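The following pair of complexes shares a single chain, chain A, combined with chain B in the former and chain C in the latter.
Take a look at the complex of A and B:
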């Protein structure tokens, strides 16, 4: 395992070092975007799960220095969580809940699958390798590691962005993502 | 018409989560898709919903969106002529 990043509503840890910040919860994700990324306005259209996965992966990849965004197939994105896309599902439901104000939001609907976050990370970085999102009962390092090690069995994958990205609503989330190499 | 154009810009910013953008930043004659605001196909669908929600306009033929969403000015003109609320 090369690097790791942990983000909770009130803490950001990059390779074991706490990153200073002022905000908490959803505002923390926006603060991290503005201070450490800032050139990807699509961030504001994402649901909380994708925002969380995107920000965590950006901090992770920034550790390595200059990013060339060259297309590559050898890096997989394999993530896990407990709540699937619950926050996006709830948000979308709110747009169709009232029959008198039935205005289904296409922009909300497109995030009603948890694997969208792996796609967002792959699109941003031009990764054309494996992307998977696996929903499990609870954070379980053994299950996560077993799946990630299995992913190295294919002849293409040499590197994985993997780990846990979970959110139950806009203010409650947890990400533990790491960069692994074969 | 100027008031409708300004309101429309505000509604587009809100509906499409165009954070960091103000109505003044949008040229009402610039193309909305492609090089203009750089909107995508999901944004087009969101604009169709926004027109129904705010102005009671149901686009029967979504393909017409291409013409209507050419610019904010064209959109405002269409809304002024077809709005039911």
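Take a look at the complex of A and C:
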């Protein structure tokens, strides 16, 4: 495991060092975006799960070194969580609950899939490699590590952005993402 | 070698794999038009199970068809399902999402979590391993099989039970309607007049195990790959990048002449089918027959990859390339060999291809008796 980043509603830890910030919860994600990324306005369209996974992966890749955004197929993005896309699901359900105020939208519906966050990371970094999303009901490092080691059975994969990205609503989330090399 | 030990399909076309295959072979479909169902303002065409047939009040319909499908697959084997060497992998996109509807009663909200739903299933079978839920949009069913292959290769488990499931609801149908992705009539995969997909209910199970050698009649999951388009979260790559790359690995050094057919995703949306034609041609497979099963089942989402693999295995067993129901005139820009008629084949391998939201794509090579 090369580098890791942890983000909770009130803490940001990059390779074991706490990163200074002022905000908490959803505002923290926006603050991190403005201070450390800033050049990817698609961020504002994302649901909380994608924002969280995107920001965490950006902080992770920033410590890896120069970002050249060269297309590559040998890096996989394999993430896990407990609540799948619950925040986006709840939001989408609110748009169809009342027949008198029925306004389903593609922009809300597309995020009702947990693997969208892996696609967002692949798009940002031009990763043509494997992307996958797995749900387990409790965080279990052993299950996650075994699964990621298995993923190196792919003949091309040499590197994985892996770990846990979970959110139950806009203010409650937890990400622990790391970079793993074969 | 990773070998298929048993399988089952529960769908509107039948409750066994054999019933399902026979129905498809004879051209049957469960696609019907529904008007006013689930208080949806727009009508839609879908392949739905009879909701009244599910009477177990302890389990949701999703859970009931998963349990029924796995039970029927297990009946064909001697597996001790409670063993710590047996792993359950569930493939689903939306699981019990209908429980988010405030009008739904009878189950706690936590049941909407996919891991809780999966635990209900393993609890039923008395298995104590933590179930894995693959939720990779429409490619989940192939991803779950690739996961199973890896777990068996690693030696951690002796048997992996893969079950794909999705049951349609107002949530899913309204979402696809908002995307303008649904066809007002029965879908027409790869056809010039295709205008969208239909959705469907199903559960499908494959039990995989590892063997040193497969006999001539055993189905071997040879290799599979998952690749991303790195292009768009809700539209496929215009150059079929992810599907092409996944196909390239599934095919590897195999002579395309050995492949009976590619069972494509073939949802009958304009963009999906066009993208697949590009990817298949780029992979050098333009002369291999292609079919889609969406005209029989609609798009069964989390079940699709498992269900369509099972139907395709039976088709090869029957020396048959199933016709693509709903297809008439080729309507993609790259050459594909598609037919609405069943055709005969003596070949013993096929590729299952899928793609989905999030830019994900997956391909799986299956061969009867393994690759010689």
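The definition used in the following text is that the second predicted complex is superposed on the first by the 182 of 182 C-alpha atoms of A that agree within 3 Å, B and C clash if a C-alpha of one lies under 4 Å from a C-alpha of the other, contacts with A are read in each partner's own complex, and residues count from 1 in each chain.
Here, contacts are C-beta pairs under 8 Å (C-beta built on N, C-alpha and C of every residue); 3 or more make two chains touch, one makes a residue touch a chain.
Keep in mind that this is a model prediction, so the values were computed, not measured.
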_Let's test your reading of the overlay: on chain A, do chain B and chain C clash or fit side by side?_
fit
*Of the two partner chains, chain B (first) and chain C (second), which one does A:123 touch, if any: first, second, both, or neither?*
second
*asked:* Quick one: is A:27 in contact with chain B, with chain C, with both, or with neither? Answer first, second, both or neither.
replied: neither
*Counting touched residues of chain A, say whether chain B or chain C comes out ahead.*
C
*asked:* After the superposition on A, what does A:86 contact: first (chain B), second (chain C), both or neither?
replied: second
*Is A:136 touching the first partner chain B, the second partner chain C, both, or neither of them?*
second
_I'd like to know which partner A:37 touches here: chain B for first, chain C for second, both or neither._
neither
*Looking at the overlay, what does A:19 touch: chain B (first), chain C (second), both, or neither?*
neither
_Minimum C-alpha spacing, chains overlaid - chain B and chain C, in Å_ = 7
*Starting from the residues of chain A touching chain B, keep only those that also touch chain C in the other complex, and list them.*
104-106, 110
*Which residues of chain C touch chain A in the complex?*
39, 41, 93-95, 97, 100-102, 112-116, 118-119, 130-137, 143, 147, 149-151, 153-154, 156, 170-171, 174-179, 225-234, 241-242, 245, 249, 356-360
*Where on chain A does chain C make contact in their complex?*
71, 73, 77, 82-84, 86, 89-90, 92-93, 96-97, 99, 102, 104-106, 109-110, 112-116, 118-120, 122-123, 125-138, 140, 143, 146-147, 149-151, 153-156
*Touching residues (chain side chain B, partner chain A) in the complex*: 16-20, 42-43, 45-46, 49, 52-53
_Applying the document's contact rule, which stretches of chain A touch chain B when the two form their complex?_
41, 44-45, 101, 103-107, 110
